[in-house]
Structure formats: C-alpha cells, structure tokens
Amino acid sequence: MKNLFKSNAVIMLVFSAVVLSAPIWADPIGANYPDLLQKFAIFGLFAVGYNILFGLTGYLSFGHAAFLGVGSYAAVWSLKLLTMNVFLGIILATIISGLFALVIGFISLRRSGIYFSILTLAFAQMSYSLAYSVLTPITNGETGLQIAADDPRFLDRLFGITQEGVAIPSTHFFGFDIKSMDGYFGFYFAAVVLIIGFYIALKIFRSPFGLKLKAIKSNQTRMTYTGFNTRPYLLSAFVISGMYAGLAGSIMVAIDPLAGAERMQWTASGEVVLMTILGGVGTLIGPMLGAAIIKYAENIFSALNNTELTQMFNFAPETIQNALVFIVEPFVGKGWHLSLGAMFMLVVIFLPGGVMEGVERILRLFGIGKKKKVVEGDAK
Amino acid sequence: MKKNDQTPHLDRRGFMKKTAAAGVVASSPMFFMKGAYAAKDFRNDPKDSKTVTLGFNVPQSGAYADEGADELRAYKLAVKHLNGEGDGGMMKTMKPSMLKGNGILGKKVVFSTGDTQTKSDAARASAKRMIEKDGALMISGGSSSGVAIAVQGLCQEMGTIFMAGLTHSNDTTGKDRRRYGFRHFFNTEMSGASLGPVLEKEFGKERSAYHLTADYTWGWSQEGSIKKYTEALGWETKAAVKTPLGAGDFSQYITPVLNSGADVLVLNHYGKDMVNSLTQAVQFGLRDKNINGKDFQIVVPLFSRLMAQGAGENIKGIFGSTNWNWALKDEGSQAFVKSFGAEYGNPPSQAAHTCYVQTLLYANACEMAGTFYPPEVIKALEGFKFDGMGNGATEYRAEDHQCFKDVLVVRGNQNPNSQFDLLEVVQEVPRAQVEYDSKEFGGELGPYEV
Amino acid sequence: MDAILIQILNGLDKGAAYALIALGLTLAFGTLGIVNFAHGALFMLGAFCAVVFQKILTISVKVKDESVTLFDAYKEQPYLEIWLGDFGAAIVDWAVPLSIIFAIPVMILIGIAMERGLIKHFYKRTHAEQILVTFGLAIVIQEIIKHFFGANPIPTPAPDIVSGSAAVGAFFGLSDNLVYPWWRLIYIVFAGVVIFAVFAFLKFTTFGMVVRAGMADRETVGLLGINIQKRFTIVFAIAALVAGLAGVMYSPILPPDYYMGMEFLVLSFVVVVVGGMGSLGGAVLAGFLLGILQSFASMNEVKSIIPGIDQIIIYLVAIVVLLVRPRGLLGREGVFED
Amino acid sequence: MSSTILEIKGVNKTFGGLHALSDVNLQITEGETHAIIGPNGAGKSTLLNCCIGKLIPDNGSVTFNGRNMIGMPPHEINHAGMVRVFQTPEIFPDLSLIDNLMIPALAKRDGTYSFNPFKSMAKEKAIRDEAMESLAEFGLDKFHDQHAGSISRGDKRRLELAMGLIQHPTLLLLDEPTAGMARHDTNNTIELLKSGKMGEMTKVIIEHDMHVVFSLADRISVLARGHIIATGTPEEIKDDPKVKEAYLGEEQEDE
C-alpha cells in the first residue's frame, strides 16, 4: 500500500488529477477564474524549479526573479520577431534563461552561504535596474515589453500566416488560441507544463543526481572528500532551476504577452523564496502549496472589503458579525500585506517545516502518514 | 453628442452581417427584446441581472497607497451618486447628461476593488480578476503610466473598457493608445504647453535649466515636453540628468546643479521621488541662490497636492501644473468638493477628481449608447463634448481618446490657510493653448470589436 | 575640483547613513548569528519616532478656516506656541533633534521586546527561517505604521537655523559655490559620534569584551558561564538603537514613510557583506566607501561614459569584492568565509 | 618486497611564522598499516591534510601511486584511491544510513561529476545491495532507513569507516579512529580494522592511543614539532630513546 503511493505513476496520476481539476476545487474558495488558476500553475512551476536549487542543495538564491524576467523578455521578443506560436518562444526563453543562469551561477557559486545569497541578489538587482532604465530599448522600461500590430514576425511572414481582422494577433499553440475557452485554455496549457515540470522535478528528486544534491546540502565538505566535484553539481542545479524560472516567465508571456521589469525586482525573488519556505523546503508539493497560498492572498484577500466581509459573516448574529468584521478587516483589502506578514511569522514559528509539516502532523494525528520523517523522494 | 449621432450606419450593418454569418445570433433571447445592439455576445454582459459591476483598480499598497485610497473614495462616491444616493455631486452640473440617478441603464451599480501595487503584473492580475471573476464591465483607476498602459493593453484584449486614473505620460494616449482606453487626465505635453508661457512671464526668456529626471518612461516624457516648450522660449537646457527611480537620497545629483551655472532646476519626479528631491534641493540652499543676477528657481512640472504634503514647507512658491484643484470655483468642482467633503471630511485630490469624472463619463456613455455593448459605448465616448465637470468645456478626442480641457498652473501657497490649502491656482490655461495634433505621438487605437 | 570635493562630502553623508544602518545589522549577525530582515524596519521606526514626537509637540488648537465652506479646513497652532510663546515655537522647531531623547528609550524597548519575544527563539534555526520570520515581522511593522500614518511621506524638517547650507568652500578658502547643508554635516558628525560610542563601548567595557569574544567564537563564549542570554538581549537592543538613531536623524533628509526601511534593507546587507560579515570596522569602512563610490558614479562625466552606472555601482562593487576578497574588506580570515 | 604507494618527500608547511611541518619524509608501502604518532600539535593532522588536498604544502612532494598529488583538488585525490576517514564523523546527517553509503559508492562509479537526473534511484539495485552489504558488515543494517544524524556516536564512527571502505581505496587514511571511544568499542574497532578486507588494505593511522597503535601497526612514524624523528617497527620505536624523550614521556603525563 505504502509502496503504491510512492510509485511515480501513482503520484503523477494523483497530481495531474488534482491540478487539472483545479477549476472544480478552487470554485468554493472563490479562486476559480482563469487568471488566478494560471498564476497558481505558473508560480507553482517557478517554485518547483526553485526548490531544485534551494530545497535540494540548500543554496539560498535571491536572484531567481531575474531568470523569470529574462525568460519573459525572450518570449516576448520571440513573439515579436519570429512567430505568434508560443512553442518556439517557450523553448527559446528556457534556453536563454538557462544561459543567463549559467553565467550568473558560474560566478555566484564561487561562494556559498549568505555570500552566495548576496551575490545572486546583486546580480538580480542590477538586471532590474538596467531593465527599468538603460536597457529600455530592449525591455521597454517601466511600461513593459508588449507585442504590436506592426512587429515583423519573420517566421509567420515567411509561412504566410496572418490573423485576419485583428489589430494585435493573439498567441497560439500550433493553431490553438491561448485565449480560447474564456481563458481556461491558458490555464490548462500552463497546467500541462506544470505537470511536465513536476514530473521532471520528481525524477530529479529520485535520481542519483538528486541524492547527491541532497548530500551536498547535508555536508558539502564531505562530498568533496568523497570524490565529488560539487561545483558542477551546484551549477547544474542552479541552471536547471533558472530554466524553470525562465520557462515560468515564458508561460506567463504565452498567456499574457507582456514582460515588465518589476518581475525582476528583488522582492519578486524574495517571493519565490517565501513560497518555498512557506510550503515546505525540500518537499515536492510544498513549494507549490506556498505559491498557491501567496497568490491567493495577493489576489483574493486584497479584494475583500467591508461589504463582502459583512456578507461572509452573515451566518452569525449581528453583534458577533460586527465583531468578526472588525477583527478581520485590517487583514484584508488594503491590509492584505499584514496577513501575509503575519502568516510568514506564524508558519515559521509554529511549523518550521512549512505547511507541509502541518499537513504531515495532521495526517499523523489520524494515524496515516509516516511515523518518522524521511526525506521526501526516497523511493524504496 | 453630434459625433455619436453620426455613428456610421455602415458599421452597424457590417457588424450585424458578421454576427449573422457567425451563426451565434440565436444564443440570446435578448436579441429580440433589446434590438440589434444587444445581439452581440460580449464579455460580462449583465443581461437580466439587476446590477452592473464596475472594477476599481487602485494602488492600495506601496508608495501611492494614499493616492489610491483617495481614488477609491471618489469611486465609491460616484457609485453612490449614480445609484441616486447622496446629493448627486457632479451629476447635477454635468452637461449634457443622460444620467438619471437610477444606476446605469436602470441597473444598480455595484463595484469590486483591486490592488495594483503600482506594478504592471499585479495591476493586470487584479484587473483580470475583476473581469473574469467579478464580472466587471469597466475597469478604472491606477496611479502611474506604466500601470495604465499595461492595464489598457489588457482591456483591449479582453474587450473591456478602461477609464484611466492618474496617468500623465504621453504614451498612454500616444504610441500606446488603445480603442478601449480613455484618459481624462492631462499629460506631459499639456503640462509643458501650459507651463511654458507662465514660466516665461515669471522668470523671463533668458534662463538656463537643469533637469533631474526620473529614469523611466514617464520621466523622459516629462523631460522632453518641458524641454520642448522652454527651449522654444529661448531657455537653454544646461543638462538633463537621469536619476534612478526611488533613489531616496538625491544629493549626488543635486550638488552638480550648484556649479552648473543653471538658474532653474526642473524636477521631473513624481510622488516620493518628488518629495525627496524637492526637500533636499531646498536644503542645499538652491532657492537662496542668485545666479547671474537671477533668483534660482525650482519647477515641479507635475504637482499633486496629496503628495506635496510630504514636502511640507518646501513647496512654497514652487511652480507646477496640475489637472484639477479643489479650490476651483466653477459649479462642477464646487458640487464635487461639497459632496466629497461632506462624505469624507477632506477635499478630493486631483486623482480622486479624475476617477470620479471617469466613472460618470462611462455611465453617461452607456446611457447615450443605450447599451453596455463596449463598441457602442466607445463610440459614444469618442468625440463626446461636455462641461460642468471642472476644467471647463472638455472634449474626449476621438482620434486618441485624450481629454482636452483647461490645465491649471499652480504655485505652492506661500501662506496657506489650512493643511489642504497647499496650492494656489496661478492660471487656468485655456484648452486651446494645450491642444496638439493627434498624430504627434503616433500610435494606433485598434479595432472596436475584439 | 569643487565637484569632486562636494561629491566626497555627499559620499561621506551617504556613507554615514549606510554605516549606521549596517553597523547594527553586522553587530546582530556577528554576535547573535541572526540575519535580520527587519533591520530596515527598525530604521523606519526610528524615523517615525521623530514623526510621533513632532506630532506630540504640535498638538494644536484648530482654527476653522471660514473661507472654506464645503468641508472643514483648519489652520493649526500648537499649544506649545500658545502657552510658551517663542520658546514653545523653538521647541517645535527643534522637534527632530529633541526626538532623540524620545527615540532612545523607545528603540531600546523595541529592541528588547523583539529579541525576547521573537529573535531569541531563532538563534539555532537556519538562516532561511530567520529571513522568513524577520521579513514577516518587517511587513507587519510596516503595515501597522501604514495603518496609523498612511503611505505618504510626512515632512519632518530640521530646525530652522540648520535648514540651510553652510558655506564650506568659503570657510576653507575654496570656491564660494562649495556649500553643503548644515543638517547633512550634522548627520556626518552625529554618525561619527555614534560609531565611536559603539566602538568605545565594545572596546573598553567588560561587556564589550564578552561581545567581541562572542563575535570571534560564539561557541566558546557560551562555555564561559556568562549569562549570555541577557547580553544577547542588550546587543540586539544596541543594534536596534543604532538603526533607530540613524532613522531619527535621517528624517529631515528623507521625509519618513512606512516603506523607507525596505528600501535600505538590500543596500545595508550589501554594505555588511562588502565590509565582512560580523566586522564592525568593515561595515563602517564599506559604508563610507560605497557612499563615495555611489556619489562619483552619479556624476555626469562618469554617467556619460557608462550609462546607468550609478544604478548598479553598489552591486558591481559587491560582486567584485566578494569574488576577489570573499571575507570582505575587514572580515577576519576564516570567519564566515566560504 | 612490496612497492611504495605513497611517498612524502621534503614537505614543509608553515602557518604564519609557525612551522607545522619541517622537511617531512615518509614512505608508505603497499599492504602495511602505518601509524603516525606524536604529541598534540606535532603536525599529524596537517600532514594528513597535505595528503588529501585540503592543504597545499609550501614545498616538497606528495606522490601517490606514481602521481603527484600536490595541487590536486580533494575530489580527484579521492578518485586516485586515497580516502580519508575523519576523526569527528563527517557523515550526511540528514540522509538515511543507506544513502550515506550509497553516496561514496556512487562516487566510485560516477566519477567526480556525472549528470544523470533522469536515472531512477529505485533502479540502482547494484549500488543499493553493495551499500546494504557494507552496512551489514558493520552491524548497521538494522538502522538502514534512519537518519544518520540520529544514531549513536559509536555507530557514526562505524558508519564513517564503512563509507571509507566502500570506495575500495588503495590507501585509507584514518584520523584517530578510536578517539573518545570506550575500551570495549575500541577493541571492536581494532578487530574490524584487522580482519577481512580491512586487514589487507594499506592504511595510515593517526592515533593517540598506544594500545591501538601497537595492536595494529606494522610500522610506526613519530612526529614531533613538525619533524619525523623516527620510523620503524613497533619494537624499534618502543626502544628509541628520542621517541621516549619526545613523546612517550609526555604520553604518560597525559594519562
């Protein structure tokens, strides 16, 4: 029974079912609309990739938003210069962000610990500052890079593909309009990429390569005396996670063809760190949970106002209703950052392993789940 | 109005033909009841619903949160007035107006809100939420041009009308103009055109200016416009230095001004940057200086009373331009200030004014079009001429969706009577003086139907 | 020449702020091993001490402005001015410097409360967890401030007498154009005094010796049988106090708003790392060095050669220093070096 | 006569002004167990670190199997066949015991770097069996899925030994393998090091405990203040007056 739950096929089956049925289970919590579902999938992907670096090797990068940004810009340029088929853009973005990660990783990984963090932070902030100002010809600065009607799109032109009757053509995946199905196609598209990305992460977690990365996190010095050259391992993990970030950035663009500089700001890098820790570092599912929680807070909490709260607590008698509204109100609407900050603190104080630890504790309470904590992904 | 009457028949017929050809006509029984306009299925069509939802997308966190909060107050007031509650505000002064105080097209107005965080991605995300989840028929708000352009682009794709909030860059109705985007606020070109003559009158023709410019698109736009109009006066531009957004301490940019020989400092900054750079420039004693026998002057092309509070005493006597000010004495402004003041106890900011007006204009356009169907509402707004909303007779130019109206040149009040009395209006620059050709900044509006 | 001199002054001024903020950060890191992302928030709280104190001093009678009929507008006159006349007005004028008296106990209390209530539980946790919890705390503090004071900057002017500029050039027989704001000069001196005080405290007191020993080798100090816990609390309180004082005095230069701490956070970490994690002297040196480099990089002459250099110079320096000299400028060999 | 495996020639190492090693010469021949003894601070660990690449000597040469080891990074020295077992257990505390052994086994197979992210660990049966066998050999198999950080100190030492052994090194460097062990555990370890594959392996042992040294060593070198003052069989060393003076006297004081 236990082994069954640990087999890749079963995990993937359950995972895919959960992801693809998101429009159903997200409905009661008010998250069933394409944009948020897409964000769940995209940031889930970003966090899954980030976790390959941070979760497996313990190297805390504060610069991964830069790769997301580079991926976005690369994808928009592919849409502008080559073709509105997002496939090419996604491939190009992943490769280019991988190359970018290779360069930054090569330099940053000469150091470890907090120094590594600051190096990545410095690179990301430089990228952001330049993208916002000096590099405006490439990035279109504050406004963000958008596609326009008169973009060359050489490949589309070469094959004589034009989209009739629209000023700005829409992105498509081999002819399937990403915006179709009221935007839900975009979600399913992102979801499928997430599932593929998750599968790759699962494979990595359960490969000798993944085991070695975990060993580096556990004791890097010993790894060198055991005969491993740790730097290329770290660099591989760094590049892979950078490519995930670029991929996530390009999916963002595929669904909504725009790339802005603030995607590269250190706070955006910080966000993925927070997602990962909040969900549970080094666990497979945790980072995605963290991503979903933060995006949910950002989009739903921030939109609640007095009226809606009053409705929400309609079930209670009026005095209690008013009291509830009074208590909850500072945490939602314009105060949504407050709940985010409080949540970070509470999770770290009471659940050092992130939300996943909470889930595990609950499962243990019911006698399911494992007695002893074992690093996730150890297929036995 | 006139323009609306002229809505080309061809268009209407063309679109009917298309609908028929597509074979989607049968989908809605509304088709038979409401005539041809309602035939077309469009996003978030309220159909039988008793309410219509508007989406107010304002910064609730970050540096512009207070401005955003003021915008939101204005929106809530506008919704109240549209639904026939309160004293009606500008609904009574707006001319021509088809607003009846019974919501829009008989449907009660409700709204949802979002936080733009003054970031393009976040703003688009919250706009999408309001469109996709809350069923918003129109999006409005924002406090920066980056956000306005990003959301405007989105709204074009989604087929949802966007009534921009505070956005001052030329691009919004210039090269990034969109069919579904409308801007009531003025822009850097108009700031330059209105400030030029006043600056000439106050400081003379022989001046040399030093620009400090926020290093992003709006800053460049502002710098370009001011340069264009001051150089036309005969002013010399000594230097134009880009400063990083959110630099905080501007000392290293201000000190070179001292020795540059310039006698005017133009701060192309907004918000916190403006507060900081102005405060620090004054600390460096720039205003006490006398260069070539002329008193040194500081100009802040885009003034906001709300943000200027942060600069305290330092704004006294500083020239700038603004879209609107609560101290205006015209009937519309007075009506608005009155109901806003009664509701919230303080006067509205220019951002609040623009947002309030935009909401009313949208509602009125729906009434004029007799439908919520966006292409028809757009046509009603295009070329719409109105008065009684502050700023005198105003026109929504059809070619670029930019409002043309009087612009205020203001000066920091030397002797304020209250904490709100920060700016005194020096001149209401007539609309004719700030008008420019619609092709000047390029751009393409795009199609009516998406 | 003038341009260079004045940029050096600018650099010193910036450096003074960077050094003060980084000092507390590196102290907390070196002694307690805490990566404190709420340090910027402490700086911001210091600045708001000035705001609050000014608000208290300017509690006013409100005189209704009768010319405004559509809402209630008031002209305010502080009670202090009414009761004490010119002396009262002078007190109001001197609100910012006076608020130091208010800020010292407040910041120490905040520091103690933070350490006792939260930080001490995180000494043994990973850096990542420390970052998450202190970042969460920083957001919470910010939002509370925003709730009460709004998001707009609040003007906190320097006293009238020092609000203008000093003729530095004329004083030294150089160009008359060489002027510098009094307040910024005061800030440089103030920073020097605070830095000196912190160093003297650590150098000449027994307490300081223990702390320095702790920075050299945290484990052995624990074995000395000294009540480390209490000392840790004091160290954290000092770090909070230094950040707070930096904030108080910076408020006339940068009108405080709730987000100002976050903007200094990344920068202060860069300063700490460039100086050498846990090295107090390094933090001060790096603060001034980065301040001066940033000032020079902002000169038109430099910017015209390398556009945008002023925006990235700090990070560029950090990268170069970390690669060439990983332990930072003054970091001890083998301490946090990797 | 068997051949020399490791040759240390004229190695010097100074830290600041301090001579940690002065002109150290040492030859390790195949199949022997060579103990290096000496008082605290004599430079034993420095010598070991110079061999495995943690430190680079100021001058002199370290030749292993005919290859110059100086300047070679630690991971390559490991692959050359010289493996170190640490004094304080340097294990992977967050990994299970079986993983702790699979890592060195993988190193042996995969080399210093190999990129195989899609290979499944579940299919690494050969490696797993080898690791399991090794665990059983050291009596650790019953804990195989426990975290290495959670087992007892003595078990960690055994794990450490197993990790060294599973790489089938040409030369095993043992840094005080019994330090801090109870007498009973010490005896067990001696037995372990004497018997089976372990017994046949070429070993260098740094040790304080004379009981261990004289039970195991074929030859002994004595290091004092950075100099090798004597090398010989246990009997020769026991009788060497210089050694008695420099080391054994002090040793008795220690106890």
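For clarity, chains are labelled A, B, C and D in written order, and residue numbers in each chain start from 1.
The rule is simple: a residue touches a chain if its C-beta (ideal position, glycine included) is under 8 Å from a C-beta of that chain, and two chains touch if they have at least 3 such contacts.
All values derive from a computational prediction rather than experimental measurement.
Chemist: Keeping to the contact definition above, tell me which chains border both subunit A and subunit C.
Modeler: Touches both subunit A and subunit C: B.
Chemist: Going by C-alpha centres, which chain is most central here?
Modeler: A
Chemist: Comparing the two chain pairs, does A-B have more C-beta contacts than B-C, or is it the other way round?
Modeler: The greater number of contacts lies at B-C.
Chemist: At what distance in angstrom does the C-alpha mean of subunit B lie from that of subunit A?
Modeler: About 34 Å separates the centre of subunit A from that of subunit B.
Chemist: Please report how many Å separate the Cα centroid of subunit A from that of subunit D, as a whole number.
Modeler: 45
Chemist: Between subunit B and subunit D, tell me the centre distance in angstrom, where each centre is the average of that chain's C-alpha atoms.
Modeler: Taking the mean C-alpha position of each chain, the two centres sit 75 Å apart.
Chemist: Give the residues of subunit A touching no fewer than two other chains, as numbers and ranges.
Modeler: 129, 133-134, 337
Chemist: Give me the residues of subunit B that touch two or more other chains.
Modeler: Subunit B, residues with two or more chain partners: 61, 65, 69, 215, 242, 244.
Chemist: In subunit C, what residues contact two or more other chains?
Modeler: Answer for subunit C, listing residues that touch two or more other chains: 308, 311.
Chemist: Which pairs of chains touch one another in this structure?
Modeler: A-B, A-C, A-D, B-C
Chemist: Could you pull out which subunit D residues touch subunit A in their complex?
Modeler: Interface residues on the subunit D side: 52, 73-76, 78-79, 83-84, 86, 90-96, 99, 102-104, 106-108, 110-122, 124, 127, 145-147, 163, 167.
Chemist: Help me check something: in the complex, which residues belonging to subunit A touch subunit B?
Modeler: Residues of subunit A touching subunit B: 30, 32-36, 39, 129, 132-134, 136, 140-144, 146, 149, 165-168, 170, 179, 182-183, 256, 258, 260, 262-263, 298-299, 302-303, 305, 333-334, 336-337.
Chemist: Can you check the complex and tell me which residues of subunit C touch subunit A?
Modeler: Answer in residue numbers: 35, 118, 121, 125, 127-129, 131-133, 135-140, 142-144, 147, 262, 266, 269-270, 273, 277, 307-308, 311-312, 314-316, 318-319, 322-323, 326, 336, 338.
Chemist: Looking at the complex, which residues from subunit A come into contact with subunit C?
Modeler: 54, 60, 107, 110-115, 118-119, 121-123, 125-126, 129-130, 133-134, 266-267, 270, 273-274, 277-278, 281, 330, 335, 337-338, 340-345, 347-349, 352
Chemist: Taking the complex as given, what residues does subunit C use to touch subunit B?
Modeler: The contact residues of subunit C facing subunit B are 2-3, 6-7, 9-11, 13-14, 17, 65, 67-68, 70-76, 146, 150-155, 157-158, 163-165, 175, 177, 179-181, 183-184, 252-255, 257, 259-260, 263-264, 294-295, 298-300, 303, 308, 310-311.
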